[in-house]
Structures are given as structure tokens and as C-alpha cells.
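Presented sequentially are two complexes of subunit A, the first with subunit B as partner and the second with subunit C.
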Partner chain A sequence: MIMNNIKYIVVVLSALLSQQLVAQDTGDVLIKNGTVITITDGVKENTDLLIRNGKISQMGEGLTAGDNVRVIDADNMYVMPGIIDAHSHIAIDAVNEATDPVTAQVWVGDALNPYDVNVYRALAGGVTISHAMHGSANAIGGQCETIKHRYGVEDPEAMRMKGAMRTIKFALGENPIRVHGEGQSIVPNTRMGMEQVFRNSFAEGKAYAKAWKDYSSGKTKTPPEYSLQKQTMADIISGDIMIHCHSYRADEILMLMNVLKDYGVDKICFQHVNEGFKVAPELAEFGAYASVFSDWWAYKFEVYYSTAYNAAILTKNGVVTSINSDSRELIRHLYHEAAKTQKYGGLSDNEALKLITINPAIQLGIQDRVGSIEKGKDGDIAIFNKHPLSIYAVPQYTIVDGIVRFDINEDPIDMRIDVDPEEAVPAFMETLDHSEDDSCMQGVQGHHHSHSHKH
Partner chain B sequence: MLILSFKKLRLFYFTAYQPSYMKKLLFLFPMTFLLGIIHLSAQIDYDKFPEVTSTYLINDVHIQKSPTDSFGLGDILIKDGFISQVARNITAPADAYVIEGDSAYVYPAFIDALSHTGIAKKEDKGDRPKVKFQGYPPNSVVGITPEVLAYKLVDPSQETIKKMKSNGFAVSHVVPRGKMLPGQGSVMLLSGETNEEMLLGEAGSMYFQLAGTRGFYPTTVIGVMAKWRDLYRQATYLDKHQAVSKASAGPAKRAKADKSLQALVPVTKKQQTVFMKAEKAKDIHRAIALQQDLGYKLVLAEVKQAGPALDKIKKLNIPVLISAKLPKEVKEKGAKDKKDKGKQKDMDKKSTADKNKTSEKPAAKKKAKKEDSPEVKAMKERKKKSYDAYVGQAAALEKAGVPFAFSFLDSKPEDLKKTLKRMMKAGLSQSGAFAALTTQPAKVLGIDKQVGTIANGKMANLFLTTAPYFSDDANIKYTFVEGDMTEFEIKPKKKKGEGSEDFKKTLAGRWSYEVETPMGTYDGVIEISGDEDMAVKVISSDAPGDPMIGRDIEVGDQSLTYVTTLDMGGGSMEMTTSVDVDGDSMTGTVEIDGMGSMPITGTKLPE
Partner chain C sequence: MQRIIYTLVIISLSGILMGQGIEKAQGGNFLLQNGQVYTHDKGMIGADVLIKEGMIAGLGNDLSASDATVVDCKGLEIYPGMIDAGTKLGIAEVGAVSLTQDHNEHGEYTPHMQALTAVNPSSVNIPVNRVNGVTTVLTVPSGSLFPGTAAAIDLHGYTPQQMYAGFKGVVLRFPSSGKRGRWDRRSAEDIKKDSEKKLKKLNKFWKSAKIYAGIKANNGETDYNPQMDALVGVINDNEPLLIEVNKKEDILLALSWVNKSKVNAIFTGMSEGYRVIDSLVKYKIPVITGPILNNPARSSDKYDVGYSNAGLMSKAGIKVAIRTNETENVRNLPYNAGFAATYGMGWEEAFKAVTQNAADIMGIGDKYGSIEKGKVANLFVSNGDPFETKTQIQHLFIRGWKISMESRHTLLYDEFLERDPGLNVEK
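After this line comes the complex of A and B, so read on.
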């Protein structure tokens, strides 16, 4: 009894002391009689799923949860883990700090925009988590942020997936060369120069880490000059940050893996990686991940040598592969994109669904918490009326941390949260236009839509 | 002593120029000649009423001592810049200048918690600085100048200072204009011949905006936030480094000198507070995120959307300065001008009377809008809600128990009363409004012991109005700043509401105009049609083919106001023209946003 009281006091005190500025909203939901696609443990028909306090607490038959818990009748429906998009640019107010080939110090997590209605639209496609990335204007771009689609919250802090691994954007090839080499007449103006930019930055990061180690151990008396950029490079070397690298050509992919080997860096996910099929065994051997489009290429010179079999070839070679959107439009039907790997490459249902669930979770370092339906994992769920790989599939409910954030039956016309008090109403109508400004090249000076591309 | 001698000097000059003092002029000539040399360098305002005494007695006035303390009728004795007594029936000292208050109203003068008062806008020549690497520009190119002190930029003769004073202000916390880190703030008295004389004290403030510079690092908001983290931590280590170098007996590598970082050291030591412009909720969250990350003292400024961040602000007890600018008022009558048709009309409810009137006019009938679709209606409703939240921000803060003051980065002091009234209509209390302009800014700026209320020993900063401040016919007649009195001319009261139909007929027609600008005189023709829908067309002689259309047209009793936009290819300039009309002639001013005003005259052309 006394012990219990003490425990209680300790719990209350620590809760008070932690001074949480943002209370994380979680909820309870009971999903009845669905066909549950667990991803990691097969498909379970006529199964109930109970989410308590935002976590999956029970799976089985005949579950009950009490009167106050919302019950979703998923009879004849398919229940799968919330879809995860390993490459997007939604919910951020800045994409490219395109002023320098290396901007490791910037972080898109600083500019989260919880009001972006594209988050809701992504929910309507069953997507519960996306990787909000810096753009590809710089060789070493900014740090990215893994966000949970808690549409409705107004505090940017509440959008973050707390505890998710830190990630950073790298970019190879034409984009950084055009922006900096051609744009500023500085290194990198060639693919050789690109390699040098990476090597210089890693070398600086390594020297920086040593200088600070010497200072904190008392070996040197005066502090080194602080640099958030070099500190970030040091954090990559120490394994705290996973690289997500915009890439197309096989030769460059091999180049970067060689650079990383020299600095002992092993956490990398290649993005787009259209020529990944050429170097799939090498990627697998390195332990690199790949996040690809299903069937999208030829939007610029370096992206001509491509195939819709890319995801399947990478998968069959043992590369942890995902399919991403890099677009606020594609993000709404990633399940279709995944299904294309069955047409091109003959992946099984589970292999195809892994491309948009557990595999992107691995690539973001969050596979212990999401990406499959398992007891104890986050209550992030997408419910479809048909099998999600069917062309007739329509998302019905999307649940994040046990809270129903999208319900097709309650889907009002105007889902904006923040409305400009001075806007002209027609301006809103204009924003309905699907102009494709989520490009990786957003914010790059001299970048015009006439020759715009997304990747 | 120096100040005193200047003041005496002014007296001499004043007397010297009066014809009845011609004899004195002759007598004083040699002395004035001598002092005149100093005089010119001090740039004394000849037109100003001379201070013959530093003792004033304001008799028989209603005294609002503080936002919540109303003294009732009484007298105020001011001596040497301070309030020496507030009581009933004070006997006038022999040297006192006596103002017969005649049951007027006296309030503590307002304090502007953040503005650019007295600091001219920098002319943007559009030159692209020559910088080798976009990623490593010099600090000055990207607006990182924390070493700049605001008071040094203040021009005591600037129009904005007079405007603030004529609207009841005595103190402004001014910050430099610019981009990311424009510099340090200064608390200025709105009286004094030089900027140093105006300086009440360094505010201990550093002004910070999430404003990047196009083409150079930092450009984006993420760049600015990363740069701030870098600068802040570099300043922290610079201080440590210097301490080590100082204490070290052996050789210690010297820290590189850096005036920007050096200027930030007091911020890192919590000796200075960061005043951060944070208009929207997202900006507020970002400002707080940085503060939580680095741990300095923070004041949120120019806040326009506190609502979604209110809990956080309250929990962390962060001082708030809300913007004194509100969105254009939604009037409860039909919007008349063209620009409004798309923007504002949606929220207007045409009165039945208006409808009847329009139905008589075939021209107006044609313009009758078709019914909105349910979607558009719903959108307009949402916009209205957002508008209400904006106007109701002050009331919401008051209700939540979050004290706030006003910042004036984006608003005109002459609009203040109107703005306050709208906020009060949305629920803000009168005492809350006064507190936000007196006691609360004093507290935020750390000068509440000196200013903010009318009490013995406080600085004599107050203003006198002819009626209760918020009443329609109240006019500010005197403003005292540190006991320095300025008297304002009260213009004859104009009739409220729209001008009469007769007057509109007088206006209708073609007017020639001339505007005096620093670049010379500009002229042209103003075409006014005075029917139901007033229309103003300004045809400049320089560009007769490209007339400007007036909007926000307001017709007073014998006055006309309208706004035009001058398109300058790439940029544009908003100009507000206000003229008083007397028969066939008009006189008034053309005001360019933030740049001051220029006189305009006009004559009606024969039909």
C-alpha cells in the first residue's frame, strides 16, 4: 500500500517535472471483424483490433472495450498498418536553403506547418507518417523530419514523431551541379566535384569532433569555433543521423558508398535511385536502403535509364526497398503505386505492401514503433473497403495514435484549419489548382516551372 | 545644464522674432549672434512653443491615474519634468504655467512597446551586393547587425515622432529596420532636440526577425533559424574563450574579434532580451522553439494570431506585444469601392434601406450579385470567423489572463483609437486597453518605476483630451513628455458619416492637382464621379495613359480620402490622399506608407 503511494507520487512528480509543453493526443479505438493485414505475421480474417492510449493493445476475436471507446465495424474491410511515405515535402514552409552546396545545419523540422491541408489529403490515402525532406538543390542539404499526420493539431511540435531517428538529405547529380556549379561557378561543377564536396565535409566533421573532444577532455583550453554544420557532419559520422540521398545514376551511387566507407558511415537510404537495379547486389552488400518511384522517369537527362521493375529487382536482391511519393498528389495513392510492382516484377501481396509500410519504417529508423500491426506498436491504421492492392480500393478510415483522423463518412468540404482573415475567397479556389510546387527544387532561385521537375 | 541653456535660448529667439520685442532684439543681438553658432548645430525647432518655465499646473481635470484608478476631478502639478502633486485645489506656484483644464481629461501618456518611430526607411536601390559565395555573405548583406544601436538612427525631426506624440504617446521602444538581426532597441522619449537627449535608456533588447535575404545564406526560414543557433552558440563560446584568455597565465589562442558576436554576448548572458517578431501562430511556435532550445529571455512582438499558441505562451509566461494593426474593417453597410467587391463584400450585410436605395438606380441594379454557392458561403463564414479571432485577439488574451502591450511595426498611431474601439467591441475592457498602452509596456521595458501612471514622482508623461479618450469628440490638446508640453491645434469637428449628397455633387467633376515632392512638383487631373458609387480616377501628367483608380474612398463632411497604388514595375507604393474641400479648391496631404506625407492642392476645372 505504502509502496503504491510512493509509486504514485513518483509518477505524478516526474510528470510534473518533465513539463511537457505539448500533450501528445492519443486515443482508443476498437476495430471489429476486419481482415487484418499485419505485414509481419500474415493476414488474419474476422479479427478485432483494439487500440488503447494510442497503442495496439489486443488482436483477436470477440474483443470488447467499454462504452466510451469508438467502435469501427470493419466487416468486409481490410485493416492494414498506416502507410509510410519515406519521401515527401508536405507540411513544411521551406524546402531548399539553396545558397550553398553544403547546408547540413538547416533543418526542415524548424519550419513545420501543421496547417498544410495536404496532410489531410495524405490521410485520405491511408498515409499516417511521412518523411518531410529538405530538397535536392545542395549536395548536402538540410536535416529532415519524420512527421505523424496528426491533422488537426496546431502546434508544430505535435506533428513531430518524437524519438524518430534523425535524417539528412544528400543529393547527387544534376541538381546541385546546376544550382551551384552552373549557378554560382563554384565547386561542384562536375560529378568529380560532387565527390570532393562530400569528402571535404566529412573531413571537416571528423576534425571538428576531435577538436571538441580535446576541448572537453581538457587537452585544449579554449573552445573551438562552434559550427552547427560541422557538428551535423560529426553526428552523421557517429551514426546519429541517417543519410537519405537523392540519386539516379549507378556510378554516383557507388561513388557515395565508397566515400561513406572511408568515413565509417553505414546508415544510408538512396532516394529515387532509378539505376538501383544496376547495382542492387552492391547496395545489398553495403546494407544501403532504396526508396523508389514505381514507374516514373525521363524528366531529365540523368533519369532516362530506368525501369518499372526497379522496386522488384531491388527487393529480390535483398535491398530494403520502399515506394515513395515526393509529391502531394502521389502521396494519396501510394497503395496503387505499390500494386504496380505486382504487374512489373510479380511481387507477392505482402512484398508489395511492405514497400509502403515496414520497409519505409526501417528506412526512417522507426520500425520498432510502426510499419506493422503488432501488439505494443503505435495505433496507426489504414482501413480500406477492398484489398489495398486492388484498383477498386478506397480508404475508409485512417487512424493515428488511436485517433481517427480521416473518416470517409465525415469528410467535410473545407478541411483547412487556418484561414487567412484577409484572404480573397477566390484565392482559396486557386489553391485547389494542383500546381506542382512540392518539387525538390522549391525555393531555388532561377527555378521556373516551365522546366520544373520533381526530383 | 546644456539642455537648460538651449531652452533659454529658444526663449530668446522666440521673443526676438515678435515685432513688439524689436527693442529687445537690438539689445540681445550680440549675444544671440554668438549663441547662434551653437544654435544652428543643435538644430532647434523655431516653431516650437518656448519653454518659459518647467512648472505647470493643470487645473480642474478628470484624472485617470492608471488603467484602473480614476482620481476624479483634480489638479496636477508638474515640476522639472516630474509629477510633483496630484490633488484637488492645488494653489498655483508663482512660476507655474497654468492650464485651465475646464473639466477636460488627463491620462498617462502611452508607451509604444516596439516600433521604428523616428527611424527612416532605408532606400532600397535594388543593387545586388558583390559577394563571392552566396553561402558565405558578410553579415551586413544578410541583415545581421546586432551591434547597431537604434537610438543612433533616430532623427528627432522625423514626422513619425510628432505623429506619435499627437496621438498621446510619450515613449517609444524603437528598433532598427532591417532583416534578420537589425540591432538593439532603445527606449526613447518623444521629446528632445537630439537623439541622445531623447534617449531614456538602452532597452536591453535585441530585435530578431525570421527574415532571410533572397539569394544569400540565410534565405529561408530554416536558414535563419539555423543561423541564429550558430550565432548564439558562437557568442556563448566567444565569451568563454575570452574569459579563458584573460585568466590564462600561459599562452591561450586569442578569440577572433567579431563585433556581431560580441554584441550577442549580453543576450546569451540574459542581460538582454530578444524581441522577436512573431505575427502568426507558426512564427510564435518557432520563436518559442528557439528560445526553449537556447534559453534566452524572449518577448514576442507584433503578434497577430496568439490564439493557437495561447496555452504555451501562458505556461512559459512569455511577454506578448500584439500588433496594433487590424485587418481592414468589415463595415455593416454595402461596400462601395471596386476593390472591395471581391474581398470584403462577402461579409457585408446590405441594410434594407440600402437595398431600397439601389433598386431605384438601374445602374446599381445591374451589379446585383447572384446568390453564393453553399461552398463559397461556407468559405466566407470561415473567413469571417478567422477575422473575428484576429480582431478578438486582445480580448482573448485578457480573458486568458495573459498581459500584453502593443507594438507598432505595421500601423499608424492615428489609427490607434479606432483599432482599440474595434478590439473593445470584441470584448477587450477599457482598462485592459489602457494597461496595454501604459503599465504593461512599462513593465516589459523595465521602466515601470519611472513611467506608465500619473503619480507623484513619476515622469510627467501625460496627455489631455477635451472629452473622455474613447468618446467620438475627444481631441488630444496637450501631450507632456518629461514635462515638456506640446500643444495641438484642434481642427473643427467634422460631421460623422458620409458626406451629404450636395457635397458629393460639389466634388463631382475634374480637378487639377499639384503635389509637392522632394523630387519636384507633380501635377495632373483627378476625375471624380459623385453618383451612388463614388469613383476617383487620378491622371498624372507624366503618365496620362495610365490613370490610377482610387479605392477605400471616404467622403466626409467637407473632405475626401482615397487610396491609390502607384505601380513601379516590380514594386508598388500605396498612397493615401486626404483633402479638405472648400468650394472650388482642395488642400491636403498625400501620404506614402511609412515615408511621410507631401502637400497636395487642387482646383476644380470648369465643366
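After this line comes the complex of A and C, so read on.
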């Protein structure tokens, strides 16, 4: 009995210890003889890539590393930067704080779930980073978290991409109008109301910042009442937070840019932005980014006048554009989604691949660290057996910070790491319409009972 | 002014389809010359294709053009039009606008609801999807136990009857013991009870329908019952019954139900078909599976089970067709097939799964599914492999009509790529 207990303790301790190691781990890998798609500096044939301590340390021919360094033979394979998804809801336990049109004080980073098996499935599609976003129920939703797909770690802290830029979710159009206007009979019930919700919150944030400034400088004697919501708005105005705004129609996109101009805010990425193609010149002039679906449309009225050529039109008008998933399903094949821009608009290989690498990195403010294969950048790599834009491409290895997190040759069937003993054989989920497994409206009362598409 | 004249000329020359701004289809006879034609038995062959009165009138070399319009296909490839044997195309328009959704009628037993009746030939979804090479779809009602009767339609025509492609099938959504999504909070026990209850209901209804069909078979007298009347063909005349079933345990139950009720079954969905291969092989029931681009149904599943399922079934000798189960993105059919091809099915079988097999399973294989003399002229001309994402389709024929490659999506591209006026605001 005592012996058993000791054994148990030893097992638990060693498990904890190994988790600790994994959580802090960065690795060394040498990738030999691959076709390296750098994104920012062309394609290099028969090239080796050395990752040391989680960073890209060398690229060239005939590289060697010590005996302890894992070597991947990438002969006849394509080596590209890890894919980045600028719009996702995997690895989080809460999506929508759907109780008020403005919830800038809440943070998705408080609800990270490192056990989500969808992280592994994303890795199996070459995706190394995703933007875990608040949902689209509120005009001003919560702050989001950029995560690294370090599947296997159990500490939520280890999922964060430390030092990544802060981001916040905004939402326009049908979703916030339906939840708050129709659902609770409060503003916003129209696209007119939407504008005023934003103006009101920005005005509060500006006044709050001024009140603190006046207090700090001694101009006023009592400090303003603390408000995390107003502080967050102030942080957006000061440029510390990038806005990621769920949006569809051209008119509301123009509306928000006009509001932002009045407050000197210039960091914004429009999400979905199905009618972005209609105002591409205005987006380019503003310097706004666009993160779009490859071909989703017609799932609700505000996306009925869409085109799969959206990404191509935006790109050709000079808007920094990415292709995102917003779906546990699509995140598994973003390389294929990017390839659709070659069919719909004839983008070049590199233009298409930028949509899932350096461009989403720019949109998340992490382009100095990831999104291309360059010396000094993070060792986040996806390796394919064929060109990643081909339908016949199969991801072979996915590497995060120099650690191989997906290896098709060592890929067990069941990859759960938190097996519920009562669900050794887990429930079967019937396939519903693709959009019903979307997550933008998760956590909104009544949402799942209406059989309709709501991104 | 010049631009206005030019626009007027274009409009008067082309003719516009049903207010969608899409060029009208061109009728007549066509000779597709100098292309490579894909055939299921010989692969690519260098041959011309003659289209006459909506049908393929000839396949070979040195075909005479006579009055046919010549379409030069030099350097191009010609494939039979793809068939998506599971969609809501034509009976659903805008997802979240419920009044545009005509696939889900009230009632548990509504096999008499006809999808074909509700097909909207002017659906904006139709041109958007067909320009990717999908020429025929099965449009399928959804919802209750017997949601209605599905119908195969060609994706060109001005009335549902014109579009009808010769197959109708009653749909049975077999009682499911799976969860209906992540918000389904029923316990495993409750789910089991619910599905057992539903199976009892199905059997009770089926028993009555058999009695009704028996009376009909003997020309007996009975009150008209539209629900049961819709099943007479299935019970008396061996007409196929489309049975939607996905979970392993449910498939096994469905197999024994089919065996007992002796219906001519087509299984649809079948996401866990790969788990019951031996039983499937034994009963030889054809399968319409998909979407292939689909999340694994269980958290313990390997990430690629959706990709590999169709290939595992087809390799075991089961006749497999691939569907998208989509409405506005039926156009992704070649990519669903492409993923299946990549993950074990192989190109030839995957292409059959969206052409000849789909046609055979619907009983219209003598008219659809390949480029052969005497078949309906549903085909497309592309600059390469239709599964490859970047491949462009150049010409499209449906029932011999040369279909415009325009759709809402291309028209918006043409209008907005170089928007005019651009940034300038008139002062």
C-alpha cells in the first residue's frame, strides 16, 4: 500500500517535472535539403535550415549540428514558415461575454484551454500560431490572445505568445444588433446606433485618460474612479492595442474608419470584411488590414453580395490581407484556403502564401518574430511533401520554437491529453451545417437552437 | 460617352439572364476540337467531342462540324460535369434568413414534401457553383425523420421541371445516437433513450406504411394518406431510399433495419463508414459520403479520418460517391474529392465518386457521369486537373447549352478590381 503510494507520488512528480520542462522548452532542429519558401526572400532549393534554442540560426548548404540535434530529411519537401491564423476560437473556454454592447474589460486570455485537441489538429495542418478571439456578440467585445500551438503543455501560461501585441475584438452589423437591439431592446438596434456606441466609448476612454493625466500632473487632487473598460479604450487610443473588427458591409467599414480618424486611431484589422473589396482603395489609404474567408458567403444577408475574389481585389489594391479560418475545420487546411486565391484572382504562389504567413503576422503585430524564414526569427516551421498550394500536399512536420509538435510518422490516433475517464470513448458529434460549428457566436443565449449561419 | 455606347452594344449583343446580369446560355450544336478528353476506362485520350441537341453525339477524331460551332480546346482538358449527390442547392438561399430556407418542413413524417417543387431556378447560388464544373446536384430536404423527397437537377434551366435530371429519392434520417453539437447537454443515457424512442416511432410508421402499400398493391380501397403514399414506390417498387446515417452504432442498426425491411437503400453521410467496413461489404449498399473537408466526429479521432474515410470504403469494394452537403459552396466539390484522392482514394476513384458513381447510385448512370456518345452533354473544359485548386475552367456545357462563366462573384470582381471612381470624391 505504502509502496503503491510512493510509486504514485513519484509518477505524479515526474509528470509535473516533465510538464515543467515542456512548458519552458525551446528546441534545436536541423532540416536538411528542403525547398525553403522564405516568403520574404524567395524560394531556395536544396537548402538546410538550422534552428537553435527555438530560433532560426542558419540557412544554407551543408549545415551540420551536434549529435544531439534532431535532423529532418526534407529532400523533395517544401519548408515554409509556420502558418498563422488571424481569426480563431480554439483553445479557449469562453468566447462571448454577451451581456453588454461594450465589454472591453474582459480578456480571452483568462480562459485559455491548453487541452483543446483542435490545437493538435491545427498543427497537423501546419498552423503554429492562432489569434484566439472574443466573439462577435458585442460592438466592443473582449481582448484577444495570440497563442502558440505548443500542444502538450498543460499550463495555460505556456500557450501565450509572450510579448505579442495586445488586440481587441470589435463587431459591426447583424450580430451585435441581433443580440442587443433585437434581444434586449437597447442601442444598437441599427447601423446608426452602432456608430454612436463606438463614439460614446471612445469619448469615455479619452476623457478617462485625460482625468488620469490631470491627476498625475497634480492638476486635480482626487484620482478618477478606476475602470478597466475605460482604460482599455484609452489604450486603444494611445496605440497600444490593435483593433480586430468583425465586419461585412462596406458602409459600416467606412463608418468605423471615420470614427477612428476622429480619435487618431490607426491600428485596425477588419475581420471577415466580405465587402472589403468595395472599399479597397479607402482601406488601403487608411492603412487598415483585412483578414478574410477564402470563399464563405450567403450564410446571412449581409454576406449575400460577396465574392470569392475579395482577397485578390484587396491584395491588388495594396491592402495587407490574410486568409483566416474562424473554424475548427478550416484551420486544418488554411494552405488550401490560400490556394483558392489563385483560382479566384490569379495570385502568385508567394502572394497566396503571404496571406497565411507574413500578412497575418503583420495584422497581429508579430511580424518581427514570425511569418517568414529569416535568421533570428522564431523556429516555427511547416514542412509539406508537395508544394503547399497543391491539393495533393500533406503536412509532414510542424515545428514550434524548434520543437517538433506534429510528425506524421509519429502520429497516434487519440491525441487527447485530458481524457475524461467517463468518456474513454468520446461522444459522436453529428455533422451539422459547416457554419453551425463556427464559434463567433458561441456562448450567446439561444444561438445554437436556431439552425442558421452566424459568423 | 464612348463607354456608354460600348456598354449598350455589349448588352444588346449578349442578352442578360434573369436580372442577375449574367450572359445568357448559348444554344445550338458544338464541336469541341483538339482537346484531351478524360474517359474513366482509358484515361486521357486525344479526341473531339460533338454536342448535338443537348446530347453527346460523337467522340472521336475527324468528326465533321457541319452546322456545329467549333470550340477550340487546344492545350485544354475535357471532363464530364461533376455531380454533387448531396446539397441544398436551389432550395436554400441566404443561410440566416429563414424565409429563404425551403428544405425543412414541419412534421416528423413528411416524405411527400418534394424538393423539386421548391427549387428556385433563379437562385444566385446556382451560377456561382456551376462555374466550378459542378453540372448536376441532388438537392435534399432536411430536418425530421422523413423530411421529404430529394431530386436531382441540372444547374441550368428556367423551371424545376426543365432542370430535373431523372432521379428522386425519399429521405430517411435514421435515428441518431450522436450529439447534435457541442451545446447538446443530454447525458449519454438520455441520448440513447431518445434514439431508441425514435427508432420505435420509425418502425411503427413503417408498419402502417407497409399495410398502406399492401392495400395499394392489391388495388384495395383506403383513404388517401399523402405521407404513406409517398412511400409506396419504396415499399412496392424497390425505389431507392436515401438513409442518412453517420455514427458507427447507428450504421449497424440501420444495416439490420434495411435487412429486415428489405428496402433498396442508399446510405448517405456515413462519416464513420470506415469503422464498419466488413458489415458494409457484406450488404453491398452504395454510399454517398461527405463532406470530406469535415472535422472528426469524436475528440479521440485521428485528425484526418474525414479525409481518408471515402478511400477506405471504396478500397473495400463499396460503391462510393462524394457530396459536399453544402448550399452556397457546392463549388468546393472538386476539393472535397481532391482531399479524398490525396488521403488514400487515388485520383481515378475520387473523380468517379463525383461523376459516374454518383450517377450510377442515383440510377441515371446511362445518361450521366462520363463523356460517351448518347449521354447528356454535361461537361467542362479546363486548363488542367480539376482537383488542383488553381485550375481554371474555361468552358461549361449543361445539356448542350454553352453556359456563361459569369456569376455574382465574377461580376463583382470585374466591377471592383479597379473601381472607378477610386478614391477621388467629386467636389
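In the analysis below, the second predicted complex is superposed on the first by the 410 of 455 C-alpha atoms of A that agree within 3 Å, B and C clash if a C-alpha of one lies under 4 Å from a C-alpha of the other, contacts with A are read in each partner's own complex, and residues count from 1 in each chain.
By our rule, a residue touches a chain if its C-beta (ideal position, glycine included) is under 8 Å from a C-beta of that chain, and two chains touch if they have at least 3 such contacts.
For clarity, every value in this text was computed on a predicted model and none was experimentally measured.
In the superposed model, A:184 makes contact with subunit B only, not with subunit C. Once the two complexes are laid over each other on the shared chain, residue contacts for A:414 go to subunit B and to subunit C alike. When both complexes are overlaid on chain A, the residue A:45 reaches neither subunit B nor subunit C. Within the superposed three-chain model, A:394 lies in touch with subunit C and out of touch with subunit B [touch as defined at top]. In the superposed pair of complexes, A:108 makes contact with subunit B only, with no contact to subunit C.
In the overlay built on the shared chain, the residue A:99 is in contact with subunit B alone; subunit C does not reach it. After overlaying the two complexes on the shared chain, residue contacts for A:328 are found with subunit C alone; subunit B is out of touch. The larger set of touched subunit A residues comes from C, when the choice is between subunit B and subunit C.
The residues of subunit A shared by its contacts with subunit B and with subunit C are 413-414, 416, 425-426, 428. Put simply, subunit C touches subunit A in their complex at residues 93-98, 101, 104, 124-125, 176-183, 188, 191, 246-248, 269, 271-272, 291, 293-304, 325-329, 331-332, 335, 338-339, 341-343, 387-392, 408-410, 412-413, 416-417, 419, 422-423. Touching subunit A in their complex are the following residues of subunit B: 133-136, 214-223, 225-227, 229-230, 233-234, 236-237, 240-241, 244-245, 248, 252-253, 255-256, 281-282, 285-286, 289, 292, 308-309, 312, 315-316, 327-328, 342-343, 346, 375-376, 378-380, 382-383, 385-387, 389-390. Those residues of subunit A that touch subunit B in the complex are listed here as 21-22, 93-94, 96-103, 105-108, 110-111, 113-115, 134, 142, 154-157, 184, 186, 221-223, 225-229, 413-414, 416, 418-426, 428, 443, 445. Here subunit A touches subunit C in the complex through residues 117, 120-121, 124-125, 174, 277-278, 280-282, 285, 295-301, 304-309, 312-313, 316, 328-329, 332-333, 336, 339-340, 342-345, 389-394, 411, 413-416, 425-437, 448-449, 451-454, going by the rule given at the top.
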